[in-house]
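Worksheet: the structure to be examined is printed underneath.
Should a chain be cited, it is by its letter among A, B and C, assigned in written order, with residues numbered from 1 in that chain.
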Amino acid sequence: MPPLELLSYAGLVVFAASGAIAAAERKHTIVEFMFFATVTAVGGGTVRDLLIDAPVFWVAGNGPLGTCVVTALLVWLLGERVWNARILVWLDACGLVAFAVLGAAKTLALGFPALVAVAMGVLTGTFGGIVRDVLANRPSILLGREIYVTATIVSAGLFVLLSRMGLASMPAGIIGVSAGFALRGGALVFGWTLPGYRDLNANESSPG
Amino acid sequence: MPPLELLSYAGLVVFAASGAIAAAERKHTIVEFMFFATVTAVGGGTVRDLLIDAPVFWVAGNGPLGTCVVTALLVWLLGERVWNARILVWLDACGLVAFAVLGAAKTLALGFPALVAVAMGVLTGTFGGIVRDVLANRPSILLGREIYVTATIVSAGLFVLLSRMGLASMPAGIIGVSAGFALRGGALVFGWTLPGYRDLNANESSPG
Amino acid sequence: MPPLELLSYAGLVVFAASGAIAAAERKHTIVEFMFFATVTAVGGGTVRDLLIDAPVFWVAGNGPLGTCVVTALLVWLLGERVWNARILVWLDACGLVAFAVLGAAKTLALGFPALVAVAMGVLTGTFGGIVRDVLANRPSILLGREIYVTATIVSAGLFVLLSRMGLASMPAGIIGVSAGFALRGGALVFGWTLPGYRDLNANESSPG
């Protein structure tokens, strides 16, 4: 399996697990485990492929869907022994930035302009998780100030910038993934957040 | 009209009615009646067609949209005399499994693999109702343990399995629809549910 | 720039601003400002293009996305001095009916039937705002009785009707935009609402 496809499957497993865990938190059944796992894992890439008019990446074979279903089954069987572990948030961070770079790379390779490639990277990395949260009635990561979307912008943006400057895909991808992961990791370890709108505003307008 | 198309229109009417009723529960206007009816009825098939890159089934003619609008009008005019009736839940069950088999059949006929066809069946049967619930701010059927998605898995799964084993579409479809409907019907009559995650887990981990 | 494209960019700016303001209300960061602005501004046209199998309007160049990002930045920088102003609701009303006519015109020009063109006009005008509200956890405009969707039906419907009667695009568009804007404006000034379902029903069934 080529490295990019391997990375893509790794991302599927990670996001499918996070979807299944969202289902676990609400006492869902095995069917919802599979449903949430699949939506979370393939959601971002699906929207990207629809928007850039590429064949949707998971409809040509049984592999991606099978991966999601098996991952959901494993989360169901292994249970809390595994998913309570803090390791998952870190796997999620890996998947987030990996999908961001993969999404930007695919879009750029098809000849779309730079800003569109960055947007597709952001979508590929974040969309599945957003839908997962809406369906599970959880407060969306979008409504917090945690650095999450920002990490995908950094990953996809750096990859696109470096590619446009002539760097090969592999080093550009490694740099993009590393930078985004460092940022997301810093947010997880040190609680980094971006400043919110009203905070800034309050600072400006209330000198007292 | 051929039987499959007839079944498809019957499903549209049923789901459109359920969408209009969701609007009715919240004192909505006639415009929202039409909006909810249409989204619920065509939502699942629309997503399926986008994913398998088929022309979206309702954009070629005025028939499907017209059906939704007229159904919404009828629900508005007939009012509670009709929609309070328990018959609607049963019509919804018919539509659910019929759309599941129709979705799987269309996907299989276009040459996609088995697991993808099952997934498309599930999507075709359930997506419209999911969007309806999100828009209407209702607790999604996805968050309950009622047998709903499961019925579409059984219907679409049996159809795909039997088709792959060489059975003709008509008997495979009848068996798929019947099995899924029996399961959903049993859930409605006897309150069948799937076990939730924590229940199982609690049983395993707390012997006292 | 031709008049239709100019109108389209004006609509993008208006909707992007409304998305950024939804983010501002919740103390979001600059990243969410850009995210909400973009989703709100391009959401409706994106769904329309997917459904009628046209290339998605914003992926061919950097212009539309760049417009959204810059608008979000301006809202962030200018702050409450601008967006508290009542003028925004009026700009939103302009965008709503302009997008409705633009969406219907594009669909009709590609040879789709009348009812489909009206539906696409409604989607183009309203979808972005619906997604914005779902993501921002706000009560959807769909759940109120304010005249909003109705204005897009009037705008798109009049345009399609007049076009089918042989009127040229420009006068048909001006009439459609004006009628929808007058209706939406009346709703804003005079609080016009459509009657809700239970109200009517209560009048009918409770003579006391």
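Criterion: contacts are C-beta pairs under 8 Å (C-beta built on N, C-alpha and C of every residue); 3 or more make two chains touch, one makes a residue touch a chain.
Please read these numbers as outputs of a predicted model, since none were measured by experiment.
> Using the definition of touching given at the top, classify the network of chains in this structure as line, ring, star, complete or other.
Per interface graph, the chains form a complete graph.
> How many degrees of rotation bring the Cα atoms of chain A onto the matching Cα atoms of chain C, given to the nearest 5?
Fitting chain A to chain C on C-alpha atoms yields 120 degrees.
> Any idea if chain B and chain C meet via the same residues, over half in common, or different ones?
Interface between chain B and chain C is built from largely different residues.
> Taking each chain's centre as the mean of its CA atoms, how far is chain B from chain C in angstrom?
Once rounded, the distance between the two centres reads 29 Å.
> Among the residues of chain B, which ones contact at least 2 other chains?
Residue numbers touching two or more other chains: 50, 134.
> Quick check: in the complex, which residue numbers of chain C touch chain B?
Contacts found on chain C: 50-53, 112-116, 119, 122, 130, 134, 139-140, 142-143, 145, 149-150, 153, 193-199, 201, 204.
> Using the touch rule from the top, collect the residues of chain B that touch chain C in their complex.
Listed in rising order, the residues are 23-24, 26-33, 35, 38, 46, 50, 55-56, 58-62, 65-66, 69, 76, 79-80, 134-137.
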